[in-house]
Amino acid sequence: MSQPDQYKYFNITFPPEHEHVAHVEINRPAKLNAFIEAMWLELSEIFTHLSTSPSVRAIVLSGAGPKAFTAGLDVHAASQGLLSPSTTNDPQDPARKATHLRRHVLSFQSCISSLERCEKPIVVAMHGFALGLAVDISVTADVRVCAADTRFAVKEVDIGLAADIGTLSRLPKVVGTFGWVKEVCLTGRIFGAEEALRVGFVSRVWEDKEAAVRGALELAGVMAGKSPVAVQGTKELLNWSRDRRVEDGLRYTAVWNSAALQTKDVEAALLSGIQKRKPTFEKL
Amino acid sequence: MSQPDQYKYFNITFPPEHEHVAHVEINRPAKLNAFIEAMWLELSEIFTHLSTSPSVRAIVLSGAGPKAFTAGLDVHAASQGLLSPSTTNDPQDPARKATHLRRHVLSFQSCISSLERCEKPIVVAMHGFALGLAVDISVTADVRVCAADTRFAVKEVDIGLAADIGTLSRLPKVVGTFGWVKEVCLTGRIFGAEEALRVGFVSRVWEDKEAAVRGALELAGVMAGKSPVAVQGTKELLNWSRDRRVEDGLRYTAVWNSAALQTKDVEAALLSGIQKRKPTFEKL
Amino acid sequence: MSQPDQYKYFNITFPPEHEHVAHVEINRPAKLNAFIEAMWLELSEIFTHLSTSPSVRAIVLSGAGPKAFTAGLDVHAASQGLLSPSTTNDPQDPARKATHLRRHVLSFQSCISSLERCEKPIVVAMHGFALGLAVDISVTADVRVCAADTRFAVKEVDIGLAADIGTLSRLPKVVGTFGWVKEVCLTGRIFGAEEALRVGFVSRVWEDKEAAVRGALELAGVMAGKSPVAVQGTKELLNWSRDRRVEDGLRYTAVWNSAALQTKDVEAALLSGIQKRKPTFEKL
Amino acid sequence: MSQPDQYKYFNITFPPEHEHVAHVEINRPAKLNAFIEAMWLELSEIFTHLSTSPSVRAIVLSGAGPKAFTAGLDVHAASQGLLSPSTTNDPQDPARKATHLRRHVLSFQSCISSLERCEKPIVVAMHGFALGLAVDISVTADVRVCAADTRFAVKEVDIGLAADIGTLSRLPKVVGTFGWVKEVCLTGRIFGAEEALRVGFVSRVWEDKEAAVRGALELAGVMAGKSPVAVQGTKELLNWSRDRRVEDGLRYTAVWNSAALQTKDVEAALLSGIQKRKPTFEKL
Amino acid sequence: MSQPDQYKYFNITFPPEHEHVAHVEINRPAKLNAFIEAMWLELSEIFTHLSTSPSVRAIVLSGAGPKAFTAGLDVHAASQGLLSPSTTNDPQDPARKATHLRRHVLSFQSCISSLERCEKPIVVAMHGFALGLAVDISVTADVRVCAADTRFAVKEVDIGLAADIGTLSRLPKVVGTFGWVKEVCLTGRIFGAEEALRVGFVSRVWEDKEAAVRGALELAGVMAGKSPVAVQGTKELLNWSRDRRVEDGLRYTAVWNSAALQTKDVEAALLSGIQKRKPTFEKL
Amino acid sequence: MSQPDQYKYFNITFPPEHEHVAHVEINRPAKLNAFIEAMWLELSEIFTHLSTSPSVRAIVLSGAGPKAFTAGLDVHAASQGLLSPSTTNDPQDPARKATHLRRHVLSFQSCISSLERCEKPIVVAMHGFALGLAVDISVTADVRVCAADTRFAVKEVDIGLAADIGTLSRLPKVVGTFGWVKEVCLTGRIFGAEEALRVGFVSRVWEDKEAAVRGALELAGVMAGKSPVAVQGTKELLNWSRDRRVEDGLRYTAVWNSAALQTKDVEAALLSGIQKRKPTFEKL
């Protein structure tokens, strides 16, 4: 991370006004930030690195340019590659083709899941087009906010396939109203910022992109100001519990905290609470 | 399905303006569409058939007559049968009686679950009374809409029993606010269309029954116009993921799509997208 | 329960206008009802007792005094005990310390979980401060209501720890919008009654504490007037199903009801329905 | 069951020396009892019927003729049907073909699973060839015994496919040594009666087919002589617990027995124990 | 534990030749150690206490007198109480009766499960009669050994009920050959020490009771000589993993060991290994 | 893989007499093949590569030199690194230390799990010392064989820790007799080849190392001669089913095979069966 310009498709900056916050920006605005394979490989590399980078305590993800968070998969590239007619017409053994497709999907999924595996909280700030893969990516994050002009769609059904990079597995766990999830996934229709807010897909709508990114950075800044032992434990325990029974969540929490409660951050937090000052915490 | 009038308690029609959409109507309006055993057996037969019927790609379920989607279980019939005092006072061995009751409930559940097992998406359009079994049925569907006059209730608690045909297992997975679910199930109170919309139990409220059915047919028509490979995969993957962990959802999705991505529908969808025309897809 | 004044930190009353309803009040108003260990031990004893007490069919939990439902863990006591600097600086073997902390957390969790294990429905009425442990406690209940002045926070992150008494395991199962859950848990920020209502954390906001408690008692009264076989079965089946797959919920329900459907309450309920009078049910 | 000769491919008899025991015999000896589709449909029909037939309390399954329990799938028929080159070379859309194959496999699995769903205990007596589908079938039963000449194989790998009718899902839950399971499934090699006994796949080896069937009938007779409430509960609870956690097994057991313990069979069994005579139990 | 004679039905001793080992003996030999309710309440109290008693690191459980580990539930007492004809003939509402039976079974199960919840390893040494409840108890332990004269049976089916105190949930997880488990549970037949050894139900058969108890104490002594951090972690992680997926086992293990690896016992063990002497470990 | 000598601690060869079989040899014989971090990183790299290498269809893993498969973790290196007294005495915040330890264990586990993730079957041939990590590694493989001189131990308890690289999660799923698993994990005692065979930990014992490796290569050769579509599907489906319910195993199998059954390998296998010749299969 010493060379923040080392990534081809992403900008990484560390806004001085928000200590310990990293800002990752998808940077292919000429193509509406549409994704090609090199991009999801880079995305995974970045979040895998940030996950254990001691100076980073919260992350914001947004898209460069005025028009789109991301328009999703670069269908032009995909239609010449994986999804090309020649591929689908290839007389190859369907079982062997299935093996290659399965490996491809699993590896693509694993790249996007790097945001969920990232130990630090992630706030996604969306604007403009946020289609297809945009939803797959945003549901791996912890909090979603957007600009008023954002146009969302679970677009995959319109190109003849079921979304397979995470939306179908994660969206029902992020939005509690299953009928709405079914509807947008089965019709592929566009929905806007207000609807996204109403169903709880996003937590807040800002007037424009700048405000959304600024709001996301402030929210991330608040998280980055807390004890990293507490914040990272909270993210892990919420994600673990989401998928399991209450009783399993409780026991895992107790085992986790049996080490975490020994942190000096508790003392630091309690003291600074009494002394009405902002605590500082060791790196993690 | 060649003889659409073969069912005694249900009408099945194929509205010409919505290709590939079947409209199933509960048809016992003189009794507020209340269910007797012959009806749930027929219901299961219908949806089991539609599930693999190649010409059908989406289904609407509604109730005949102006007064009710369904008033639920026909308590009069039940109180002379399964729930009759003579049954509950029968000096029979309670363990043997339990065996018969368990078999009965399991078989009743299995009939209603045929809507969830149905591979095609189902939109339920409700109006008037939608009590007890109405809720059990509607939560097996994918999307719920209703007329402004609909009156819902999880009525079972008022006849001395816990709802056992699916509401208690599925409602908490359809509506994310568990406190509201608890309240309506523990009190049996009536709730109206606006409340149903606010908590996400229904996706849309229409001014009257006709508008609700028309709206449901249009929504089903949109789904039926998409690739059936994509639509049916999406339904299956959402239902699978709802009950399992994200990681299990992701892997099952990858295995599923390893065959589904080999469909020619992807090419058809991409081409028609470029050519700005409506794609046509082979039967499934 | 013959000596309702036997508890030091809780009042238990049986409001005459609501038959079969117990009202449990946290009673340490001078300390904003903040919890010390003796209190959660008592809390557990009370709800374990009420769980099988035949005269009780629904329970309301609220906090004494005008200022707080509960301000949470008594941090002053905790900072001299478990969370004290001397404890965290103790040169003891961290593995042995972890063992003691784990046992402590598991035992604390188990006390609070006594509300979830309680076979009778519980309505929590909150007001004023409802911080930290207040949330852990309230998410074990079935329905939450509050006064307009209530100020909630998942406060733990501010004292350097991940909430470990249940909030992180249960809140995502009580509120469907996971992004909001993440945000309030990762920032520890205050949220008010209106926000709590909007996301579904509470079911209803009343103008003040008195109205909230009165409303909760009325709601509990409605539940207490139904068949206890039906009500207790409904609570159990909803909690079981929340954590498991639909198919497991259905089968467990069928097994449960194979005994419950043999109750005489069905006959009593059906008869009183026909005769338009309030049914009475045997104790349970 | 009044017309025991109504089945084309199976004999059903009720050996007079073993009250309440049904003996089902695969009856296509000229083809080594190899299975065609009509047979698994009949098999399912039989076990679904026996499951709730009150006069039957235990079942033995064996194969007619001296040479084979069953040689498995009738590959000749299959190679002209589902597995035919023309099918695999068919230029049909692989995704649509996958849909048809998936439906076919699920429906085939469901037929074979009817033995596991059958509420009465099943003892399988094998001899001679017991290949491929023979293993899929036998692992759905409760107890397996065989003649000394039995030759087993998980043969599917030799015809280019992974066993999909249940062996791969059930064999690891029937035999505890996973390395042995892996070896026989990955090599398709033949194994004999002694090896099957050593790893616990069968419980007992008899000198020849007649002795094996006789032994199986005696074992089934013992089970049929016990309280059917106890026996059927035991089968259900063991199968439920096999797939779930201990704590889930315990709670389901408690709910199940809350009805079952009310049986008069307990009194009958206790009395006959004191009086040293064989108890008789009501039908179930 | 300061008054080892405080228990009415159990002896607790601390054999001087095996430091940190507690020996618990069922002590009602005149009744073949058959269990009445007071006994399982005491049993639970003892193991709950030993679980966190710092001086105890391993436990042996055996039965007093020459004739029986335990003959199981005291059927005489039970047939006058819970299982009495008057109870089963009581005209009470079967649903209410079911509630009481369920509570009773859950509370009985919870007492016996105290052995599984006990953080210290338990070796059971059995002899003579080991029937019914003997199996429920022994499968909660970590290792089972027995004398050559031991006669086991899952006896419950013979008194008209399905074993509900743990055998049906735990035996299939203790013995890998499911067919054998099914057979002994469905027939209630006696099996001896050699058979128990062959299927892995017991780990070792000794010539008589004295040798079995001595052998168990020696085995417990070996466990008690190891680091208690390592031993107790190993028990917990094996039990957790048994019921869950490999991936869940791995992650829970990593979280557990993140505290446990900080123990000074690692240094002590490594040093004593180098110095070829027996390590000593702090209490836990 | 073009440069088979590129690995520092492993030899990879392709025995000409067994087409499609790779032989991986742990190669640090001077240190009894004890593992340092560079080795498990290499091990993971190798199996991740072999997993999708089209020319490889089965793999054998063994240890170089006459004395050991592997003596486990290089404790000397570990005691100067991760497990060093200075590490355990370090006054660092125990919660932060726990974070680093947890990351370390998870990453170590992930390397070893690469054998389980490898899509090709793996046969492990062990000899001499096979301690600690040797067991963690071998339980990730599909089949285990060994030489008569092999000495196994789950050694971790002897250095003050619970085995955390997989043994505690996988051994109970590989060996069905849980009491034996508990005993060897809680005592750390040595067990030999005969005992390993008896409990099913290994499938076969050969007279010496050469015979064991030769036997393993022959077994792998048999697997490599089958359809890779069938073999790799079988491995995947067995591993998936091991951790899940039968019903989930069945459905996943049906979805998997909906693509796999479209392979030309079925035709090839059936034809070569008829023609009594060895089939050849396309690469995968």
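As written, the chain order gives the labels A, B, C, D, E and F, with residue 1 at the start of each chain.
Definition applied: a contact is a pair of C-beta atoms (placed from the backbone, for glycine too) under 8 Å apart; a residue touches a chain by one contact, two chains touch by 3 or more.
Computed from a predicted model, the values in this text were never measured in an experiment.
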Contacts common to chain A and chain F (chain labels): B, C, D, E
Winner on C-beta contact pairs when B-E is weighed against B-F: B-F
Centroid spacing, where centroids are CA-atom means, of chain A and chain D in whole angstrom: 48
Cα-centroid distance, chain E relative to chain F, in whole angstrom: 33
Junction residues of chain F - those touching two or more other chains: 94, 97-99, 173, 175-177, 199-200, 229, 242, 244, 247, 255-256, 258-265
Chain contact topology (line, ring, star, complete or other): complete
Residue ranges of chain E in contact with chain A within the complex: 252, 255-256, 258-259, 262
Of all residues in chain D, those that touch chain F in their complex: 75, 79, 82-83, 85, 88-89, 94, 97-99, 101-102, 105-106, 109, 113, 116, 156-164, 166, 168-170, 172-173, 175-183, 185-189, 199-200, 242-244
Residue ranges of chain E in contact with chain F within the complex: 121, 142-144, 173-177, 199-203, 219, 222-223, 226-227, 229-231, 233-238, 241-242, 244-247, 249-251, 253-270, 273, 279, 281
For the chain A and chain F complex, residues of the former touching the latter: 52, 93-96, 98-99, 103, 229, 232, 259-265, 282-284
In the complex, chain C residues that touch chain F: 94, 97-98, 247
